[in-house]
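Labels for the chains are A, B, C and D, by order of writing; each one numbers its residues from 1.
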């Protein structure tokens, strides 16, 4: 699969941990030593005196894929002297993204369409929904569609098990595109890859169900959307991206939902793009977005 | 006091109550009958079948001030057949606005400066502060400054009584320009005029103290400000205006406060302008802003 | 065709012309007399002393369609005493919208998708393109697709004649969804219905071809999009809607085009919605948008 | 003069020129070698294969001021192998900023107020105006005010000579805060420091005089402001920052001016802050803003 956003022979090195002097010099000397040429470099420290340090370096290195083992060994050796974690990704390889959806199609179709246009450097091995309404649309994009109905009642283990059979090993991250089921902590653990959600409010305002109705009741003059990583605390995970638009007293709940749908798909698509480009680093309940 | 936003021989009629057919026809015929020419006309109904109805009409009427009693009698007679409340204001008369402030000067000075420029159709008979830091600045605008210290402890009755002596009868509304004291319900009742506050967050997110600190802890990607009418429920009054700006992981709490100050003064100045122009109608815990 | 935005038994009366006292009273009395109940009312005068006047009234009237002839006669009689033009539309009848497109699909698919969702109160009898790339996508929405190739060279009369055969009599307005051909004045005259275009810049900046390239060369910090009615003056017609987004020195021309596509489809969809709802009144080279 | 934005014992190194491998490694090793600790690091290359390269590094170095000569010698030696220009600034030393103004006070007072608040890391040795209207306000901030009247007619040499006597040697950059005189190329050459202007439109739309009038005539739905470095080509210099706000058909030219004033002062203050923090690098007719 070709995508203009994929970068042949490019790698991304993410480094984060305890800040200390000399990290930039060590990493940039390392890149030079392994024959790489830096094309993007971002860093952030929340406190230069021993705080948390974050760095993202994208570099071009001919034959990166073939020489990756030696390169990783060099990195490990170089960073051994620092209290840092690191990860290395091949920017020519698309991340495998599954989309979970329910009946609403706006976020789902927007992602599929952006992907087809070449605007998202991912592959989409599957869409899974607890409804069948979007099956035909999804398949018209050449993407497999699987139907996993939600079992009524509090016990989600049967449908979650079915989801896990489809997802585990086949995907690098999961996007909840207005998926209306709450995922259990057990599911998230077994899934083992990041899950990105879109919530239809400016979190932390209007946590929980029916945020547009709550927004209308409170009489707010802006509505928003929030994309965040999913954790076991509902609507409390690390925020990746947010945006708002102006509304008025005359907007009904359904008008807020209609207008909010535009914000939701914009915000979610930015969060997905940045995650796919390794621009987002999680730190506690925050994100650093380079 | 002259202000370009004041309109000689213009009046504003606000009508609100139960919606029923024929209100617009009745009111517009009335304006014609009393010799007025409509220059602005806004209406909103939250449900044409018996919902709540809101209307704002600005009209030009030569000799409005002199003939006001007859005009009011005509209005009362015309609207007697509807279940509506109404109010009439002379758009050539500035509302008297008191500003209450503490140490922070950004909202206070912004209002004083906009007023001097002629951008706010109000008069400012006084600024009252529980600190003296801004006294000289305020007086340089030709505005009286009064110092009413806050008495420590939960009993605010002494300082509130002193405030009431200054305000009651002398002002048409009060603006809290980052005034850091909570006003009691008893004070609000005795004051008897609208009070407009600026809260340094996008309400209902980050209600209460230190919203920028909370915003930083939650890792939001936008911060905001909210101007609302003050009620006895802290930070829960009807919202007049809100806005947000984009922030990043790199913004410290003090940076958020610095950048947020710009949003606060913009949002507050819009809310004050609209209130001064009789554009804001309260309805339950909402506002209609025409 | 059902659409939630269509309003059964509702009509929209647009009035514009020379301002004079008593128009609102006359029109609202008229609506009451014909048994209508006003649900939305907007007016604007660019000078109350003899300037241009604009008014939009949406009213509910049982049996509007059946009684339309009598209602129109009443309106004509009532407005005879004013120097005003008027038009009346049935809000339960969708306007017929043709879309003209080329290779790029973002604006085209966005309109088709919003329409399918019920967010645009129009019918779409056809999409016409000078390329075949989007044929399958268009037909998957159940919309007829016609291919009218562009004849190379300055003489567009053959392909314009073919377009006119398809469009005239079948559509109420035409949307150019990044259609890359310039339409002749002769074509516009023969077409006889409004044509809405989306231009990929904040007009009047970067008029003409390749605006994103020009924007990058000029080093702007924002890019935008403009939707306007098409006139014989290229990129000079009345503006309906505009918006901008923030960009940086690091955005390449293709990145500007990718990000600009989001603004284009947002701006165009708002312009189309407002036109479909009879919210836009043309006046000289301006629009009044209620 | 104390300012919270000034950073004791911090320096900023700006490097720009031809991109080539190893620059980041060389510079970061250099910073480590001279005993510095990097606190901010930004870089951009418009083409990693021999394009233009830009880098900004802020580092903490105890005794920076005292050891500056040796540090500069080290930098010169390290960078001798690259085709790069560089500059080094002491982040504990405020840049000296002169403000030139005319009658309008909104940009002028906003800068003075932000400076007094400690939000601009500059000193303000003088305000010069061709009018006296703002003298008292300026002096109330403790800033010297000089009056240099504009001589009528095309020959500006006398007043420009008087300006040069005040400015040359005393200031590090000049801000035109709605200064309504065009400066000659000869003046700019003799002045020899950067000049920042605020233009009251979204450039390149509405170049020249009376942009709000032109905007109203064109019927735009947004207005904007642009801050740029002044060159001999009027309104054509490198853009530092821009922003827009939404307007409607109902906004008169004076209303556009009133609302535009808020955008102007926001945009200008951001441009001044970024220039003061050495975040802006000029390159041809563009800027890189880190």
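Heads up, the rule we're going with is that contacts are C-beta pairs under 8 Å (C-beta built on N, C-alpha and C of every residue); 3 or more make two chains touch, one makes a residue touch a chain.
Keep in mind that what you see is a predicted model, and the values were worked out from it rather than measured.
**Student:** So, comparing C-alpha centroids, which chain is the farthest one from chain B?
**Tutor:** When every chain centre is compared against chain B, the largest gap points to A.
**Student:** Count the C-beta contact pairs for B-D and for A-D, then tell me which is higher.
**Tutor:** So, comparing the two chain pairs, more contacts are at A-D.
**Student:** Averaged over CA atoms, how far is the centre of chain C from the centre of chain D? Could you give it in whole Å?
**Tutor:** Roughly 42 Å separates the two chain centres.
**Student:** Please compute the C-alpha centroid of chain A, do the same for chain D, then give the distance between them in whole Å.
**Tutor:** 37
**Student:** Please name which positions on chain B make contact with chain D in the complex.
**Tutor:** 4, 105-106, 109, 113, 117, 119, 140, 254, 258, 262, 266
**Student:** Under the stated contact criterion, what part of chain C meets chain D in this complex?
**Tutor:** 44, 202-206, 218-222, 224, 238-244, 248-250, 285-289
**Student:** Under the touch definition given earlier, write down the residues of chain D that touch chain A in their complex.
**Tutor:** Interface residues on chain D, with respect to chain A: 21-22, 24-25, 28-29, 31-32, 37-39, 41-43, 45, 48, 60.
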